[in-house]
Amino acid sequence: MAEILLDVRGLTHRYAMTSSRSVTALDGVSFQIRHGEIFGLVGQSGSGKSTAARCIMNLLRPTGGDLHYKGVDLLDPKQRRENRRMLQTTRQLIFQDSASSLNPRMTLADIITEPMVINSVKPPRGSMRAEAEFQAAKVGLSPSCLDRRPPELSGGQRQRAAIARALCMEPELLIADEPVASLDVSVQAQILNLFRHFQTEHGFSLLFIAHDLSAVHWLCDRVGVLFHGLLVESAPTTELFENPLHPCTRALLSSVPLPDPRRERQRRLERFDTDTLPAAETLREVSPEHFVLKED
Amino acid sequence: MPLLEVIDLSVSFDTPGGELQAVRDVSFSLDAGEILAIVGESGCGKSVLCKAVTRLLPDTARIKSGSVVIDGLSLSSMPERKVQKLRGQLFSMVFQDPMSALNPSLSIGAQIAEAVRVHAPCMKRSEVRERVLELLSLVGIDRAADMYKLYPHNLSGGQRQRVVTAVALASGPRLLFADEPTTALDAGLQTQILDLLRDIRQRLGTSTVLISHDLGAVARAADRGAVMYAGKIVETGTTEEIFYDPRHPYTWSLLLSLPSRAERGRKLHSISGTPPTLIDPPSGDAFAPRNPWALEIDYEQSPPMFRVTDTHFAATWLLDPRAPKITPPIGGNDRG
Amino acid sequence: MTADKFVPAAPRPICDAPPPVPPRRHGLFLPAALLGIIVLGCLCCELFIPRDPTYMDLRFCNVPPCRDFPFGTDSMGRDIFSMIWYGGRVSLLIGFAAAAVSTLAAVVLGSLAGLAPPQPETLLLRANEIVMSVPNLLLVVLIQSVLGKPRAMGIALVLGLTGWMSMARVVRTEVRQLRQSEFVLASQCMGGGFFHVLRRHLAPNFLPSITYMAVMNVRAAIAAESTLSFMGLGLPPEVISWGSMLSLAESALTGHQWWIILIPGFFLLVTLLCLTALGNAAHGGVSRRHSNL
Amino acid sequence: MRHNALLLTKKLIIFLAGLLALSMAVFCVSRMAPGDALISYYGERAEKMSPDERSAAEARLGLDRPLHVQYVRWLSGAARGDFGISFMYKTDVLSLIRSRLGNTLILGGSGFALIFFLAPLLGILCTRLEGRWPDRLICRLGAVSGCIPEFWLSLLLIALFSVTLRLLPGSGAYCVGKSGELADRLEHLVLPLTVVVLSHLWYYTYLVRSRLLGEVRQDYVLLAKSKGLTPRRILFRHCLRNIMPSYLSLMAISIPHILGGTYIVESVFSYPGLGTLSYESARYKDYNLLMLLCVLSGASVMLCSSLAQAVSRRIDPRMRDGTPVSGEARNDG
């Protein structure tokens, strides 16, 4: 079994709304990502998926828990400073909305090579331009796009550019926060294929955050289910889809639409009420690698 | 006689880059009590089509040709004032984003009451209130009386979409246009809203035109489907025909690219390239450049609608008797 | 139609990139040209003005426009045509200098407020509010009395120091919005330092509104200088500027000497209008979405 | 209830602290300025005084003390409602201001009211006819009128209507001996009021217009339209209602601004109001008058901006419930 790349333990985050009120976005979430594995994080909107991604990228300061990446404590400023360069180059984030995560006033060529400029990496292919062309070709962007600015391009093309930007530093951990949610079906397929292709080629680990379970089923090795900031179940993909144990997971699975009228019309939604969630629960391993939140 | 009949409708926008042909020669019809889904990717003109039929297009759009007949009334030649009287009463709309479709500074009760009162100005206050409560419970909102005074930001996304539906149903329209009603919602809520549309059809007999990019939504809610690409309807048929026996290469590609159909670990089918711009669209079949099954003639001449069955039509030269026989990737006896 | 067209087509290259969007044209030529003429004329006025603008020829007081004096003379017998170009220099100089001061102050303080944590930010906002609460005119008079005898640069400084407050607020909100935008977050993820983010992301997105504000500041300063000088609080009539020329207007009213009022005012107005047009163009138009009404 | 009282107290403290800071700043700046305060009291005579006479005079006016002592004395007087006397007019500052306040309020108040009602109407007109000629015409005219300096517009109007055509009076608030006659007052008000309205109206119309243009691009307009509402009803009942909170708070903030705008107009038209008074007091270093004027205008600004906050909190249901209007639900996707 490959060694653990990212270790998340008891991650908790609260957003302060006013001085007295706060909203718990993450409540003691624990999971591990191994080298070369695709880990899917699923859940409804508002279940804390993006918050987790931002905590891991150090964009948000978690209120509690431990985060270790390649043995570096991500919550310790000193260790972070010592490993700054390693953290910047080997962890990359892809946002959901490519329209807002790419600077509308930069050309695609500049966007793709920005991480190299920041980390003053000498371009292995001679010039930055050549590097941009190489990376663009890898994600299937024609060179004519490189002088365009993001608003002139389609959503699929922008998301390709975002992927090219993340991949040009050859990361070891790629975090993709709902990378296909705002794309059309056929473009979604293109982007999912790209992820799969690059993952096998480069062997990086991928944290794939999505609410579309069919994409997660197709792409991921292991899946964790978030519900209202709690990680209720995590298991290898086939195991989770065939044998869901937690009612939250079952409810989530029952909501997946099927492109098949007869089966789709027979599909019944399983209701799950927040109130029935017991107060004190711990994550237990019920079968190898299959963890479920259970009452104490 | 069909309730809605659209014949050869073409809509263009005047843009700085030239004339954008958003909808090109679209015809379809809808019977009373039927749910028709129009599917297509973003930018294929399905929303524009919907707004053109309901006459909600902005000033920059021009309806170049075609006619729209609802319940025997020719909508396309009617003055705006008359159309205004029909809106809400004969036909009505549900929108994509329920948050922005509701006015944030009016209570939901007031917004529904307004829709009730437009077409029944003499109604008494108490009667209006009764009707609003009735509508709220019709769309499945519990404790309607408590909800009356709430504002849109107090509700969850699913509840908001239910309120929008209540607004649309306020004056008992015979025809409902739902423009991507589930896109902004979670999967579970999507299913609930789609079931609500079917439920309303069951109870009130309302016909619905459902616009969506989501094939799952079509499979769940629609009786018939129409697939749109680059401003044209390329295939239309019953839902079963579209899903189990599709004939147009674009429909094949759409279905094949769904991850839920694909085997785990196998490459997904994807459509290469991007849709053509609708400013000066190519002659011939607009899908040809991205179509692995394209014929030479596709680049020269756009195909007519070929009849497959009485309900099933597709615009592809592959159905021409002269075309080579190919094995469709989906269809025949394949049942999913 | 022949049957040989019904054969599978050879794969053709797919055009991926959409055609470039043609740039939008603004009706900018006229204001830019007019402003150019005025600025150039003021800068090179020695080359063509017929008389010394400061020379008071008491034989020709209040002469209406004629062949010798195309714009007439004022009540001190100076040639208005020469004064316009010569005085325009001072007015424009004050305008640009004041705008430089106020824009600088607005950008620095506004960015500080936008980047600061909540506590110092409220303090800055409060201070801003208090300064804003004094009527501008009073503030100008106050600061000017501290600075002493009115001189062009002094006035520019005063106008600059009193004109930055509302701009600073705009800058603050823009900085806040940009700072939270995802592309800035993305850049921070990649390890972009403060100056990298400022140079590559904040400044380019910020430039249009800064340009707009700077141009509007020039406009406001020119207008304010003329108002001050007219009220006798700015430059004295001996120092020629468009404003000080207009300070003779009140006496000209009763004497029906319309040219003394109209001509400098007209130049002033044209300059202000051109600046407005240019500023709006720099700011960009309204969103291109269609009205739903 | 307790919570409210606490909030009110907090606001009051902030308000008083603001006033204190303002008065201190004005006090220091005005006293540090070079120039002779005695001139405003003694006029020409001050320049011919001997050093002894000077110091005696300064002692009499309390100007010989250190700065902080002078300030504390002013402050303790102010707390008792005694703001000192005006050096120039040699009367109580408060009564002097009271006598002029009415005139300024008439001019500024009627100007404010006109702007307040005309701006939304014009804005709605522009929105309804967006891009057509009336809209373009209003925008062009507005751009021009917004550029004309107030004093020059005043001069033009005086030149045209009172000097050339002799239709309307060009100076003062009333003719001598006719201060009680309404018609006479109105006649004197026409020109200054025109200038005040013209020079501010455009700005507010433009704001209303751009807000409304943003509103009519919202989806709820489509929903309202598909209910069968007429465009006019949508504009008034939905769009106008939605921009009202921001418009009202904007107008509340603008009260002192518009009043301040009358200062220049007042002095061109020699209109006896606060404008001419404050201009004189600053010019001739009439300390007590200056202080009170600054503190008054500062207080009005701060009051109006609290008013603005209160208004928008009351009208906007999102703010009323304590939910932040935006940027809250964005954290998670």
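Per-chain numbering from 1; labels A, B, C and D assigned in written order.
As a convention for this text, a residue touches a chain if its C-beta (ideal position, glycine included) is under 8 Å from a C-beta of that chain, and two chains touch if they have at least 3 such contacts.
It should be emphasised that the depicted structure is a prediction, and the values quoted were computed from it without experimental measurement.
Distances from each chain's CA mean to the overall CA mean are smallest for chain C. Chains C-D form the pair with the most C-beta pairs in contact. One simple way to say how far apart two chains are is to compare their mean CA positions; for subunit B and subunit D this gives 54 Å.
For the pair subunit A and subunit B, the distance between C-alpha centroids works out to 32 Å. In subunit D, the residues that touch at least two other chains are 218-219, 222, 225.
Residue positions 16, 18, 21, 290-292 of subunit C are each in touch with at least two other chains. Shared contact sites, meaning residues of subunit B that touch two or more other chains, fall at 56, 59, 272, 274. Touching subunit C in their complex are the following residues of subunit A: 57, 59, 84-85, 87-89, 91-93, 95, 97, 100-106, 114-115, 118-119, 141-142, 144-145, 148, 152-154, 157, 169. For subunit D in complex with subunit C, the residues that touch the partner chain are 14, 18, 21-22, 25-26, 29-30, 32-35, 127-128, 130, 143-144, 146-152, 155-156, 158-159, 163-164, 170, 210, 213-214, 216-219, 221-222, 225, 231, 234-235, 256, 260, 263-264, 267-268, 278-279, 282-283, 285, 290, 293-294, 297-298, 300-302, 305, 327. By the touch rule above, subunit B contacts subunit A in their complex via residues 41-42, 157, 186-188, 190-192, 213-217, 219-220, 239-240, 243, 253-255, 257-262, 264-265, 267-272, 274, 335-336. For subunit A in complex with subunit B, the residues that touch the partner chain are 44-45, 154-157, 184-190, 192-193, 196, 211-215, 217-219, 237-238, 251-252, 254-265, 267, 269. Subunit D contributes residues 131, 218-220, 222-230, 237-238, 241-242, 245, 315-318, 321, 323 to its touches with subunit B in the complex.
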